[in-house]
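In the part that follows, the structures are each spelled out as C-alpha cells.
Two complexes, one shared chain (subunit A), two partners (subunit B, subunit C).
Let's turn to the complex of A and B:
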C-alpha cells in the first residue's frame, strides 16, 4: 500500500481513487451480499438473454412444426430452412413504429407489456436448471411461481382496459375469468406434489425424484394413476393459464380480432409475444420439475430399468423404421450419402444423450412438453368461453380435489 | 309488480349496460367486408344487424350496358369461389331467352366443371369454417385439394379464379388432351381425403360441442327467409334444383340430395350445415364420375351470330350453385344489350336470416353461425 502523498490543497482525483482502492476490498469482504447481488444480476441477465434466445428459437420451431403438420414448408428463404428468421423477426419488430391510440389510457397502455414481461421472467428465478444452477432456491419456490406468475394477469387486464378498444375489453374480461378460474386446478395439482415431498422448494422437489431407477422415480409414476391424473390436470389447466390454443380465448383471432394486443405494435407487441412463449416455457419447466424429475437424468445405461427399456425400445423402433425407409426409398435411388449422414446424426444424438449434463436433461424434457403444446395448437379447435368454464369448474377442479384427497390418504397410511 | 321494481332497482345499483360493437368491415371472420352491428350483453349477443354494400360494384347496371356475350366475365366475380357455376347460370338464362341449343359434349363438360367447382367451393367453406372455430390446420388440407381442382381449371381455360370459360351456346373450347385422366387422378384419392377431414374436424369433440345445437334454422323460418342451398337442406328440406327442376342434363345422373339428419344435435344446426357440405362433395364426385363415363365426342359450341339479339321477352332462370339458388332475371327488348338484369344472389338471401337466429347466442356462436352459412361478399353486394 502506498502512503498518501502529502498534498496541501484539495484532494485530487488520484487521491480519491487511492482511497477507494484501499478500502474497497475490505468493504466488499464485510458486505458479501453486494458481491453476490452483482453476481446474481449477471446470472439473471444471462437467464434473461437465454430465455429471449429460446423464444426466437421457439417461434421458428413453431413455424416449422406447424408447417410440417400442414403439408407446407414454412420459412425457407432466410438462411438454411429459414433459421435466420430467428434473428430477422425481432429486428423487424424493433424497427416498427410504436403506436398508441389517441383515446387510450396512455401511461397504462405503455406500461402493460412491461408488467407482463416482468411477471413472466421473474418466475425463472426459482427454476432449478441443475443441481447447482438455480438463481434463488426459495423455501416457497413453487408458491412463488404460482403467485408471481399470476402477475401476468394484471398486465393483460391493464392492456385490455387501457387500449380503449371493445375487442380488447372483451379479451380483458375473458382473461380475468379464465386465469382466476384455472389458478385453482393448477394450485391443487401442485399441492399433491408438495404433499408428497413435504417442501415447496423446487430444488427439493427435484431431489425427491432423483433415483437410481431413473424414470421410475418420477412423481408421474407414483401411485398410478393418481399422479398421472394430477399431471394431466396440471397440463390442461396450464395450457389455459398461458393462453395457449385450444384455450386461447383471450386472443381468439376469429372472434376478438387479436384480443388484448389488438392495438399494440412493434416492440410493445413483441413483449406480449415474448411473455407468451416464456410462459409456455415456465409451465413446461414447472411440469418437468413437479412430475418429470426436473434435471434428473435418465439412467439409460443402467440395465433393466424402465429408462433402459423405453430408450432402447424406442431406438429399436426408430432403427426399424429407418431400415424400412432406406431399403424402400433411399437405396433404390442410390442415395447412400444420405443414409450415412442420418446414421451418423442418430449415433451422435444417442451418444450425446448418454453423457449430456443435467441442465440439458431439464431443457430436453421442457422442450418435449412445449412440442406437445404446439402439437395441440395445430390440431384442435377452440372451445367457447362457457365450455371452458365448465371444463374448469365441473371437471378439472373436482378431479383435482378427489386426487388431492387420495394423495392425502396415501400419505397418511402409505408413507 | 314488485318483482319488476326489484329488478329495476338492482339494475340501477349494478349499472350494467349493453355494448354496441362493430364486427367488421375489417374483421377476421366476416369472410370479407361485411359489417355486423352487434349489441351484446356481456358475451351474449342481443341483436345483430348486417350492414352490407362495402363491395357493391353495380353488376346489374353494368349488364344493361354490355352485349350478352360480354357480361360473362362479370359473372365470375359474383361468387368468386364458384365462377364456373355463375358463368353457367348466365349462359343458361340467355339460352333459355333466345332458345339456343347446346351440343351434347358441351353439356357434359358444363356439368362436370360445375360439380368440380362445387367441390372447390365447399372445400373453402368447410376449411374456413374450421378457421372460424379456431383450428388452423383443416383449412390448409382443404386448400391443398382445392389447388388440384384449380390446376384442372387452369389447364382447361388458363384461369384459376375468374374462368370466363362458359359461352352462350356451349363452352369456350374443348378439353385439353389428357384432362379426363387428370380428373380421374384427382377423384380417386379425394374420397379418402374427405374421411381424413372427418377424423380431424367433423368428429372432433370440441368441434361437435361448438356446433351441435347451435344456430338452429327451423325449416319454416329458413323457407320464409328464402334460404337455399346446403343451408336449407341442412334443415331437412330436400330442395335441390338439380332434382326439383332438373336443368341442363341433371336428370341423367344418379345422386343423392343431401339433407340434414341432426346426427349430433338438432336438425338444421350448425353442425348439420357443415356436414351437408362435406357429404355434398361426395355426391359431386359421383356426378363427375358419371360425366367422365358418358362423355360423348362432338362439338362444344353452337355457332351464334357476332351481334347476338335475343327476341323480345323476359326470362327467370335459377340454378343450384354451391351456396344456393343463383337466379338471373333477364329482360330483353330485342337489342344486343339486355334492358334489365336482376341477380338473385344466394349469399344475400341466406345472410338475411342472421338477425332472426342470432338472438341470445354467445359471441363465438355468432362467428360459427356466420361461417356455417358460407357467404361470399361479392355475391351479397353484387
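Let's turn to the complex of A and C:
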C-alpha cells in the first residue's frame, strides 16, 4: 500500500479512513512482513466483499430501474419495495443444482466461470478508492487493467466452447470479434489521458486532476471538446467491452438463447453475472479515474467555482420543479414552509458534501455512471452485428485517432 | 525459504505443467486453453522479478492478441472436435539429444558456469543482501521500469522500434489485402 501524503493539499481531503490507511500499514510493517501481508489480505477481502455486496444491490437496482422505465413495479413482495430480494436471490442461486451437460468438455466447463471471475476481480487491485486506499499503486496501473481484461475474454470463450452448444459457440465467436475490436477505441482514449498526465498509475492520474477549482480540474472539463470526445468514445466502447445492452450481441436472447451461459446453472451461472456486474463497476471506476477526477471531491461550498454554479443551479432547478409538482398535484398549502424546508435540505446536503470521505466520492461518481449504463440498457434497442462492427471500425476508431493526434499536438505546445 | 521462492515455485509449476498439457494433449482446443495458463505463468514470473511492464505487455500481446487469434482460428475450423492429433513420439533419441544440446548452448551463452558458483542472473538474493547491494550500487534499484523502457525505446532504440512498427504495419496491410474479397 502506497500512502500518498505529500500531494494531498486541501485539509478536507484528509478523511479518517485515509489517515487510518496511511499510518496503519507503516505501523504494522514494523511488526514484520507477515503482519502487513495479513493486513493487505484483509483489505483485499474487504474490497471483494464490497464488490459482491454491490453486485447484489446492482441486480436489485437494475430490476427496479427497468421496471420504472417500463412503467411497472418490479420486485415488491420481499421486504419494502423488494429490497430483501437482493439477499434472497444469491441464496436461491446457491441452492440450485450445478448441472454439467453430458457432451460438454467437463474440466474447462467447470473452470471457465472461475477464470472470468478471477480476472474481473483482479482489476480492483489498482483502483484508487481514496488517497491511501489503493491495494497496489502500480506504475502500470491502467495497462494492468487492460491486460487483465484479456483473462475475462479467454474465460468467456472457454465457457462458450466447453458448453458444446451451437448457441454458446456462436456467442463465443461474437465475444471475441467484439471485444478484440472494441479494445482499440478504449485503448486509444485511455492513451489520450495517459499522454496528458504522463503516467500510467491510476493514483497519479487522479492526483493530476486534484485542484481547488473542483470540477474544473477534471479531465472531462479541462480541455473542453477533446476529453469530452475521448470520454464518450471510452464510455461507448466500454459498454461493448462489458457486453452490456445495447452491445450484448454475445447473449442476445432473441438469437442465441443465452449465449455462452446457456448451459450453466446455479452458482457457476451466477459467477458470470457477478463478473458482468463487476466489469460494469470496473468500466465506471476507470471512467471516473480517467475523466471524472476519481476520489477528488466537489467544491460546492467554495464560491464562484464551476462546482458552485453547477450545484446551486441544479439545486434551484430542482427546487423550482418540486415546488411546481407539489402545487400542481397536492393542495396549494404551506407553500412558503415548503420552500424553507427545501432550502434547508439543500444547505444540509452542501454541508454534508464537505465531510463526505473521498471513498464515498469515488463510489458516488462510479455508481452514477452505472446508472447511466442501466438507463441506456432499458432505452436503446440492440444493433445487428455488422452495425456493431461499423460503429467500432468506421466511427469510434477514426474519431479516437483524430483525438489522439489533437492531444499529441496539445501536449507539444501547451505543456 | 523466502516468500519469493514460494511464489517462484508455484508459478514455475503452473507454467511447466500447462506447457506439458500444451505439448501432450490430444485435443487441440485443450492445448490452446492450457497455453493460456502457461503464458499467464510466464507473466507472473516477470512480475515476480520486478518487470511489471513486461508482465503486462506479455499478457496483452500473448493472451489478448496471439492466444485469442489461435482460439478464433480453432473455432472457425470445421469439425475441429473430431480431429485427433497424433501425439506419438517419433525420433525420440535424436530429438532428445538435439534438445539437450540446445539447452546446453543456451545456458553457455547466457553465462552459466562462468565462475565456480551460480551466475549473477541465476542467484536469488535474500532481502538483506538486496539492500546491501543496492547501497553499493552493484544492482541498480529497479524502479519505474516503464519510464526507463519508454525513454530507451524513443531515444537509444528508436530506429529498431520504428522498423518493427513499419514491419507490423506492412504485415497488417498484407493480411487485409489477402483476406479481402474482390469487389469489382
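Please note the rule applied: the second predicted complex is superposed on the first by the 359 of 415 C-alpha atoms of A that agree within 3 Å, B and C clash if a C-alpha of one lies under 4 Å from a C-alpha of the other, contacts with A are read in each partner's own complex, and residues count from 1 in each chain.
The rule is short, and it goes like this: a contact is a pair of C-beta atoms (placed from the backbone, for glycine too) under 8 Å apart; a residue touches a chain by one contact, two chains touch by 3 or more.
Being a predicted model, the structure only gives us computed values, none of them experimental.
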- Consider subunit A as the common anchor and indicate whether subunit B and subunit C clash or fit when overlaid. fit
- Query: Between subunit B (first) and subunit C (second), which does A:381 come into contact with in this model arrangement: first, second, both, or neither?
  - Reply: first
- Task: Using the superposition on chain A described above, determine whether A:147 touches subunit B (first), subunit C (second), both, or neither.
- Result: second
- Task: Classify the contacts of A:257 with the two partner chains as first (subunit B alone), second (subunit C alone), both, or neither.
- Result: first
- Look at A:161 in the shared chain and tell me whether it touches subunit B only, subunit C only, both, or neither; answer first, second, both or neither. second
- Message: For A:371 in the superposed arrangement: first (subunit B), second (subunit C), both or neither?
- Response: neither
- Task: Could you look at A:133 and tell me whether it touches subunit B, subunit C, both or neither (first, second, both, neither)?
- Result: neither
- Query: In whole Å, what is the nearest CA distance you get between subunit B and subunit C after the fit?
  - Reply: 5
- Query: Both subunit B and subunit C touch subunit A; at which residues?
  - Reply: 173
- Message: For a test of understanding, state which residues of subunit A touch subunit C in their complex under the given definition.
- Response: 33, 37, 105, 108, 138-140, 143-144, 146-151, 153-154, 157-158, 161, 164, 169, 172-173, 176, 180, 183, 200
- Over in the complex, which subunit B residues touch subunit A? Could you list them? 19, 21, 27-29, 42-43, 130-137, 140-141, 144, 200-201, 204, 206-207, 209-210, 362-365, 367
- Message: Under the stated contact criterion, what part of subunit C meets subunit A in this complex?
- Response: 3, 29-30, 33, 36, 40, 52-53, 56-57, 59-60, 63-64, 67-68, 71-72, 75-76, 81, 144-147
- Considering the complex alone, what residue numbers of subunit A touch subunit B? 66, 69-72, 166-167, 170, 173, 245-246, 248, 252-255, 257, 378-387
